[in-house]
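All chains are identified by letter, namely A, B, C, D, E and F, in their written order; residue positions are counted from 1 within each chain.
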Amino acid sequence: MEFSAEVKASILVDALPYIQKFYGKTIVIKYGGNAMINDDLKNKVMHDIVLMKYVGIRPIIVHGGGPDITGFLQKFGKTSRFVSGLRVTDKETVQIAEMVLVGKINSEIVSRLNHLHVNAVGLSGKDADLILAKKKKAVIHNENGSTGEVDIGFVGQIEKINSGLLNDLLDKNYVPVIAPIGTGEDGASYNINADYVAAEIAGAMQAEKLLLLTDVEGIYRDYNDKSTFLSTLTQKQVQDMINKREINGGMIPKVEACLCSLAKGTGKASIIDGRQAHSLILELFTSQGIGTQVIR
Amino acid sequence: MEFSAEVKASILVDALPYIQKFYGKTIVIKYGGNAMINDDLKNKVMHDIVLMKYVGIRPIIVHGGGPDITGFLQKFGKTSRFVSGLRVTDKETVQIAEMVLVGKINSEIVSRLNHLHVNAVGLSGKDADLILAKKKKAVIHNENGSTGEVDIGFVGQIEKINSGLLNDLLDKNYVPVIAPIGTGEDGASYNINADYVAAEIAGAMQAEKLLLLTDVEGIYRDYNDKSTFLSTLTQKQVQDMINKREINGGMIPKVEACLCSLAKGTGKASIIDGRQAHSLILELFTSQGIGTQVIR
Amino acid sequence: MEFSAEVKASILVDALPYIQKFYGKTIVIKYGGNAMINDDLKNKVMHDIVLMKYVGIRPIIVHGGGPDITGFLQKFGKTSRFVSGLRVTDKETVQIAEMVLVGKINSEIVSRLNHLHVNAVGLSGKDADLILAKKKKAVIHNENGSTGEVDIGFVGQIEKINSGLLNDLLDKNYVPVIAPIGTGEDGASYNINADYVAAEIAGAMQAEKLLLLTDVEGIYRDYNDKSTFLSTLTQKQVQDMINKREINGGMIPKVEACLCSLAKGTGKASIIDGRQAHSLILELFTSQGIGTQVIR
Amino acid sequence: MEFSAEVKASILVDALPYIQKFYGKTIVIKYGGNAMINDDLKNKVMHDIVLMKYVGIRPIIVHGGGPDITGFLQKFGKTSRFVSGLRVTDKETVQIAEMVLVGKINSEIVSRLNHLHVNAVGLSGKDADLILAKKKKAVIHNENGSTGEVDIGFVGQIEKINSGLLNDLLDKNYVPVIAPIGTGEDGASYNINADYVAAEIAGAMQAEKLLLLTDVEGIYRDYNDKSTFLSTLTQKQVQDMINKREINGGMIPKVEACLCSLAKGTGKASIIDGRQAHSLILELFTSQGIGTQVIR
Amino acid sequence: MEFSAEVKASILVDALPYIQKFYGKTIVIKYGGNAMINDDLKNKVMHDIVLMKYVGIRPIIVHGGGPDITGFLQKFGKTSRFVSGLRVTDKETVQIAEMVLVGKINSEIVSRLNHLHVNAVGLSGKDADLILAKKKKAVIHNENGSTGEVDIGFVGQIEKINSGLLNDLLDKNYVPVIAPIGTGEDGASYNINADYVAAEIAGAMQAEKLLLLTDVEGIYRDYNDKSTFLSTLTQKQVQDMINKREINGGMIPKVEACLCSLAKGTGKASIIDGRQAHSLILELFTSQGIGTQVIR
Amino acid sequence: MEFSAEVKASILVDALPYIQKFYGKTIVIKYGGNAMINDDLKNKVMHDIVLMKYVGIRPIIVHGGGPDITGFLQKFGKTSRFVSGLRVTDKETVQIAEMVLVGKINSEIVSRLNHLHVNAVGLSGKDADLILAKKKKAVIHNENGSTGEVDIGFVGQIEKINSGLLNDLLDKNYVPVIAPIGTGEDGASYNINADYVAAEIAGAMQAEKLLLLTDVEGIYRDYNDKSTFLSTLTQKQVQDMINKREINGGMIPKVEACLCSLAKGTGKASIIDGRQAHSLILELFTSQGIGTQVIR
């Protein structure tokens, strides 16, 4: 469907209040899921980010690994063992993960953005010690009911974000694109959940918003009843729903990332549907918005 | 007609190449005609300018006087005498013109822009000697075929634009709104055609574009045949059309302003239809564009 | 009388301690009364302001309307009604007041200053929302002794000074000249007493001094006995004199402006005689000073 | 052998003239060969670079791939075909090369430098379009004596260096570490010889020096006679030696890189022995220097 | 004689055009002769310089040695030998000269200026190698009519002015006070004629004016006829008068200093009478001016 | 003994942690004693300071007078009277002291540093009122056991350090060299103990370190037993040793200076042996260090 120029112009002007609202603000985007696999969606997310940049937003992208890591591990003949849902990550595994994340996925995002005429710069947590991390222990529940900690290798949790480099780059109009690799005191690489990386970066930057691109519409009171969609939740409401197990499964790390980033100073955190074309623009620049936002 | 958020988002993203094209560029808008009288159009022009500002353009507005000057002259019981189409402007007339331009029209535009959350600052040619002018003589054609010059009072022609103040204001993110009053060496006020003021300002600022809002669609090869609309003309083509009297009447000062601003360094100059809603946005941010542009 | 170069040189050097005292300081001048009407005095005030600028002061001028507004209202056949000494100001009246203040008086001051080689910029309260105002109600005393409030139209009282624009202009060496028009939330124009505008501007700028040019020498303990002239009064002394009705009539708004500006952070406030040639220079740069100053 | 503090102090002071000579200058280091494989040498090179940084030099590191790329290709079961000595590089091969260069080797250098308390930032030619490249054709010599060009895939030659990002990082005291991956107009990755990348970067940055760390002592007139070592050669002498085939084999790309960087504005270019401990410091800060330098 | 405040104010305002003329300009003052000996004159010169600073001038003071050097040499029992009018200056003599110039005279001027609330900083030609000098040879005329050169020790002529330090200090609002000691390549001290130092400094700084305070009124066509005073001379006229020996004796180095500074880029150079109270202010800020100025 | 380039390189690299530790830090050096008399030591101290500057330290030098002052006083036939160990300093004496300190010693240090290619600038306490001082009274012990104060002339104690000039010079990469002359309210010169000047400057600049070059190795528990050397003492330990008279004589002012500078914010203060070649470098850049440091 083609629209008249008049329609286009008036839609542009209607976006003005939203553009003004985010002008000069930092927004952190966790880029993952289908939006990172489907080529058409990839393309649309890139356009959305470039538009954000040109209307005065300071976007920061944190990406996940998608299925690429698993694919490359298979090519190398590595099979993965899991403990409490976390992949046991030996030295060779984290090495391959880092190569895929930094040398393939990050590199491709940077290249696509530059192609659209913004100056993107790829980073990992090692650059200027951006993400200091330490070993994350997996908790196991023994048969006798007791719990214990198990070493699962180079899976990291964040100790500190050194945001100086991000500010230096943003001030010079670069768009930082960050791979979720942390660096240990000893210089070791750690693979970190990208949702948490995005949340901590958003907190450290005192971002206006954290946007998590996922493969679901957002949060429902009752997942089977589409009419119970929740467009806004407070921190407390989210915590209650977790306690009551109304939120569970793969949604847990998403909402935990939201809560974490709010606790560290982010303005708002939203879970939005990356399968939807131009979901970032929909969320930021239209009255409807999409997804579920978590507020204070 | 209401559009879905998806449509809106994709229209916003379609505007990206145009937004990128004008990012950081200076654009001078001559604001006059119906767009300055009709309240709905006024409102839309203001929104257009604010949007331009927020997507990274440095807009400068030059406005005309509209029918307000004539109205106030009548209230004061002044009747106007014309020589070769130029109003004979005595001291009292220019005083009233200045009061209307600076104290009413300029003031209202500034107020409307500030209301939409940009910082607008009203200027006349007297502020920091922005527009230095001298007396313009009217040329008369005597019965015997000879020509002569007649003093028509305080009608000015521009001698010099002191653009320092404009740069200082633009660098601090203000939107300058300029009334077409020039200042003479002796401090006298001169009334100047706003098209020429806009053209000279665009030239002095080495603007990317001069946009003249008028009450016509643009230039036609044959004014009676709408199918002969000309969307782009070179300087030379315009000059030829003037010589052949294919352009005449009220269109002459418009195209002269375009030629003048190109000669002084403006990138392009366009005559666009201010009666059309959101004509500025149509011209800048859609593939169709509108009006007639004059290029080198 | 002509003086020898030696005398001139030594007088210049004698001014040094005063020049040092005000170097780099902001001084707000309320310009009104005879000093704004008599052409010779006008000229001298302008020279004084330029000298202030060149010896390192940051002057800001706020001007009143003088008899011009009344003159123009008469030309338009408007007759004014007064309530409790305040002119009832309908929409047309405030429009004419704004045109006279901004388009005539302000414009002339700016032109004169530029002519003396400082870069003056004319402003009204609408520029970058410099003076936010709301409707001022007149208090009336009913026959039965009770009091009430009456709507007298577009007479404003100041809600907030947005001093950003003033600082931006002063930092770039411009001299701001301000017309006492405020802007309401709805974009309406309000006519405001210039003494109060000067006082609030001085407060918001944390000015070193507020200088009110008036048509009297200053304050006397006994107005009929010239020997009782008071050259310095504390805030408290002024308040006591108001309470005892030793200060009354037209002097009340002047001293209230002084008290207001001191309360908001101005260093000192002086009422000086604008009928005296070079009264600004006399006050600032000679040991005698003139007028009455109000201190903390 | 332990030295007395006095000896140490006097050696530090003896280095002063060399430190002064390079203060504030940009030096590009091509890091490759044994110095990138042997752990002890790695460690020493890193210390050398950190010392360079702390005595006021602006170092830029360009690294090669070492045997890692070949190793990973083997793990993936890729076998390489060579044409005229250049590896035929299909899409999967360049993908693996990029992953190894950017996600493993670059990452490790950055991590080691940060560990020594300089802020290193890893880059590839894709970041802010640092290295624009196009396909390099291999020249083949046919049996009939004619020559032809063969497409060998994603092997690149440099079209343009966009040095803005390097300057922004150096000005903020970061040490850039660059992987030799170029980006094509279409966003494709190209594998480029690291010596040439270093040479072009040195030229674009108008570097004081290009230092190529290799596995030989430098250039000999007669390679079999160690007494014919050449410590300085002019561009012309090098060209003559190439023409006379006195320089040949693996040394050709090294000296071509030197000639290229001199032609583009680098001050001097040196081939130094990376197998020697602290060869960078030896070259820069001692009277003996090491290796062969090529000068204008 | 006491003057009324009105007289004072009008004299201050009369100085405005002169103040505007020199605003932001650099003026070099050679301070010597009676103005450096008589305590009342000293005091007045200091006030003049402080006033210059406060009305926006960037003054630089170069001082001579007055009779202090001779006095201290006598105290040390040194007798001086002269060749062609130049004192033969052995190592001990230049040492004492430097101590007197830098440690006594310069120090006193700095102290007096700081006491009047400007930030003065004392310099000699050694500070940041401000004045690079070499040995000046005296020319002698032998009895047989031939000429020869004689080594007269540590009398210097200027090779180069390194004006970086002066600009750094002026930009931070300090007043530089310079003792006429030059530094040789070997670090030796050279005593240099202060008139020449002032001239070279004025040239290197592209000063607006060089003012030489002397003990004469200026230049006369006929020294015995006061009515032949010359207030302005061109370079050519001065050269002619030197050639015709109409200028001779102690006036020669003064006019040579003027010619030298004009040749190197100073705007104008004036010889003024330091015995006259406030001669600097008279020269700069009154219509009469004083002394003889040399122009292009 | 000549060392191999390899040895030199590794010693340079060994200094890296120390260089990093002091990078960007301000260090104040009191330069006096033998290090200021012996030409070879002079030369070495200068090299040390230049090296400090080039490895990123901001050095400030405060020098004493050495035997030069006494020598010049003798030449002038002045004999000195002492009260409680302090020289009675009449006007002529302080004048000669200032001339020697500022015009000879300071001048020579500045010249030597510039010769080694750093930009040194000589200062006394008069420059921009760097050191404000007042008269110091000597305490005398009368025979009857009572104490009294005696006027000993122009011996000063510090009232205030105006460090603005030092920061302006350091920020522009100059090395300040300070003579210990203070300025009184009346502009009088005061001779001040250089150890105290260095201590107060270090405090005012919040220096990382104060280094006092002396003619002893440092502090011993028992001066006659070299094995009791103390390399580190806390403030409290020093105070205890003073109270127990374990520290006495000429060491008292040294340790008092250390305590004073620590109290005012200096990080550490060290007494080091200036008779030792390159003692500054030894102290700062080797693991052994030298001398006695006083810490909090």
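Definition applied: a contact is a pair of C-beta atoms (placed from the backbone, for glycine too) under 8 Å apart; a residue touches a chain by one contact, two chains touch by 3 or more.
Chain by chain, the UniProt names read as follows: A, B, C, D, E, F = Acetylglutamate kinase.
Fair warning: this is a prediction, and the values are worked out from it, not measured in the lab.
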Joint neighbours of chain E and chain C, given as chain labels: none
Inter-centroid spacing, chain F versus chain C (mean Cα positions, whole Å): 57
Where chain E and chain F are represented by their mean Cα positions, the distance between them in whole Å: 36
Per-residue multi-chain contacts in chain B, two or more chains: none
Category of the chain touch graph - line, ring, star, complete, other: ring
Sequence of touching chains round the ring, chain C onward through chain E: C, E, F, D, A, B
Footprint of chain E on chain C - complex, ascending: 1, 3, 5-16, 19-20, 23, 44, 47-48, 50-51, 54-56, 116-117, 276-278, 281-282, 285-288, 290
Chain A residues touching chain D - in the complex, by the definition given at the top: 75-76, 95, 98-104, 107, 110-112, 114-115, 119-124, 126-129, 164-165, 168, 172, 174, 181, 183, 187, 189
